Amino acid sequence: MRRLRRFLRTPEAVAGTILLTVLFAMALSASLLFPGDPQAIAGPALLPPFQDWSLPLGTDRLGRDVLAELFHGARTSLAVGLAAAAAALVIGAVVGTLAGFAGGLVDEVLMRITDAFQTVPGFLLALAFVSVVGPSLGVVVVAIALGTWTGPARIARAEVLSIRERDYVAGARVIGMRPLEIAFREVLPNALPPVLAMSSVIVAAAILTEAALSFLGLGDPNRVTWGGMIAEGRAVLRTAPFLSIVPGIALVLTVLGVYLAGEGIVETTAVRRGLS
Amino acid sequence: MTVLVSIRDLTVTYRRDGSDVAALKNITLNVQAGERLAIIGESGSGKSTLALAIAGLLPQSARAEGSIEWFSLSSLGAKAPPSVLPEGGLVGRRGRKSASKPNHTLLGGRDIGFVFQDPSASLDPVMTVGKQIAEVVRTHLGLGWPASHVRAKTLLERVHLPDPDSTIHAFPHQLSGGQKQRVAIAAAIAAGPKLLIADEATSALDTIVQAEIIALIRRLVAEDGMALLFISHDIALAAELAERIAVFRHAELIEIGGTGQIVNAPTQAYTRALLDAHIGLDAEPLLNRSG
Amino acid sequence: MNLLTVSNLIKRYSRGGKTLAAVDDVSFHVEPGETLALAGPSGSGKSTIARLVLRLIEPDGGRIEFEGDNFLALRGAALRARRARLQMVFQDPLAAFNPRATVARVLDDPLRIHGVASRFERPRRIAALLERVGLAADLAPRAIHEISGGQRQRVAIARAIATKPSLIVLDEAVSALDVSVRGQILNLLLDLQREERIAYLFISHDLGVVRAVAHRVILFDAGRIAENGDARTVIGAPQSAVGQALVAAAPRLHTTTQDAS
């Protein structure tokens, strides 16, 4: 409770929380407010925003409701962003912990694999993966995670290398604990805080990557995505710029919200650590 | 004797988890110029908080009430009359104002030398030890770099570091624990402070190095006429070094007196218990040999 | 029969291209139920020997025999199982436990790992262990960082005796404690030794404490044995240079300063 209050005292945390709350509300209420297929035709094509109050943000080239698409797109963005970031953090933490704790050959092999992934730009990797396997929500998540797990892995490894030398790890060995249990029960939980501090950056990057993939037509074709909406609007950018601008703004606000909230969390935990 | 620091009704509280925890309660204590005063206590007794309060190093979260007044030392060793004038004062943020307006700000490093328990934590790992000492000299005495370096070398010689010509270019990690503590002491006395505070300065060292550092502190304090505030949990060690001993327990000063009186005729049961708990080379063995 | 026999133990470190012997051809033995103290200045190799004996680091040469077996030959599960008999208590009880742990968890681990008690029986065993070391059983749910330093060291001792060891390595186990607590912990250790016939390898730089609790002492200097023998005899009249230096450096009470004005 006290932590929450301290969190809400930082202005960036408040701004970030508001943005994210709105976003989550949009994602959760999408099927309530806009039941049915958001990709169905709802009115005349290319209706500009604020003309018809039953279609407040207007319609796109095919006459689909932009506001409904925006709400349903929030779902995809959040789902993919969170799932990809979670996958990247889990893979990274596990690989980093194993490499740092085992040392020697295991460390060498795992870190060379990490290097290999890191030398290929993450977006290129995602692009290649989706074009080979085919676009679907799950594939997009895996594709994004493939390019982002290396950062958490490196941080986790560095943390584990220092924790490994602590007395309580020696103590766990003395009582006969198995190496894997030491790694994942004693070491990993204490190596997590700096890894989790990265999570906002990773979530934001994942949301952007998802949008970029969708923009290139490599998103799940059965779902509305903001990236897909921007791509749609590109053809009529001169005559109906709002079709690209509206989802673009949504994307910017989402990424901003994630960053600000993440910053607030880091700040709060930093204060807490400073006190103890 | 001349009073160097006069502490009156000092109370320090920390706010922790929503409640106030007193680290010091109504402490009144004088530090005489040139004396060796030991502050003895166990963990949580408030002895380190006292050191921080005197040095003006209390953390932001601490609230201090009462007064800590400093008196001029210009009279020391000179024929100036003993009527000392307050030269500066430190007052708690919420405490009552001190008698005089401070016209001289107390400066850590210049007026007070501070030696911490862990020398690795107080030395900059990426700066040579010579440069760290020279920086103190330059900042507080206003000397140029070349003069400061010469001074740094003299200081390294004074703290008996082997081969000062090469040690001056060494980084902290290249030195042993005892050598690092010598460097920390050299930096602490570099600007000629009037008070040297040693907070558990030998606790991390082994017995032999500890004895050497104690001998070093004793010599430096005598040579420079500094007052020494020796903070320790070890009453035997304090008795070897200090002229007076103050015993702290649970944030309170429970007894203060000359070393002989405290060791031979303590008035408080707690002091007696501390003395009895000391396991010296002449102590009764705990081990039942026949068993 | 000896409980622990260490023969010609060698551990080298390389620093800046030079090879230094942290432990240089050291041999000693520990008998069941006795306290052997390893003393010396820092860097003399006494803590390295503790870690070698516990197989936390591997030696570059020599033999360690524990309970009649070649201890250095044990690997994997066999080594982990044997660890039940050879325990350790660290200097800093706060650093010796996972910062997230509770008292119950640190005591549950050895009971679970070595199958000492079933899942349902363990809470009762934990309560009994806590009482054995002079703590209240209701301390179990508390976090390690919430209890006092003395209580923590008692928990560390409870954890060490949970698996009924024959030898416990005490690595400066009372050095970081307040003096008033130190005596209590030493007495607890001596009680346990008397009742359960546990042998201690007592590592310390404090000759006063060594003299008070150890049967025999070995003084180390720069990785080698400088002197060994009956604890009170050696400390009463040390023959080696390092022994004389350690005795001379020990703080003494009742020696009021001469130059006090």
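Letters are used for the chains, namely A, B and C, taken in the order the chains are written, and counting of residues starts over at 1 for each.
Heads up, the rule we're going with is that a contact is a pair of C-beta atoms (placed from the backbone, for glycine too) under 8 Å apart; a residue touches a chain by one contact, two chains touch by 3 or more.
This structure is a prediction, so every number in the text was calculated from the model and none was measured.
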item	value
Pair of chains joined by the greatest number of C-beta pairs in contact	B-C
Far-end chain from subunit A, centres as C-alpha averages	B
Gap in Å, rounded to a whole number, between the CA centres of subunit C and subunit A	49
Length of the line joining the C-alpha centres of subunit B and subunit C, rounded to whole Å	33
Mean-CA-position distance for subunit B and subunit A (Å)	52
Of all residues in subunit C, those that touch subunit B in their complex	35, 41-43, 149, 178-180, 182-183, 186-187, 190, 194, 205-209, 211-215, 232, 235, 245-257, 260-261
Subunit C-facing residues of subunit A, complex	166-168, 170-178, 186, 189-190
Residues of subunit C touching subunit A in the complex	51, 54, 56, 80-81, 83-84, 86-88, 90, 92, 95-100, 109-110, 113-114, 159, 162-163
Parts of subunit B lying in touch with subunit C, wherever the complex brings them together	42-43, 176-177, 205-212, 233-237, 239-243, 258-260, 263-264, 273-275, 277-289, 291
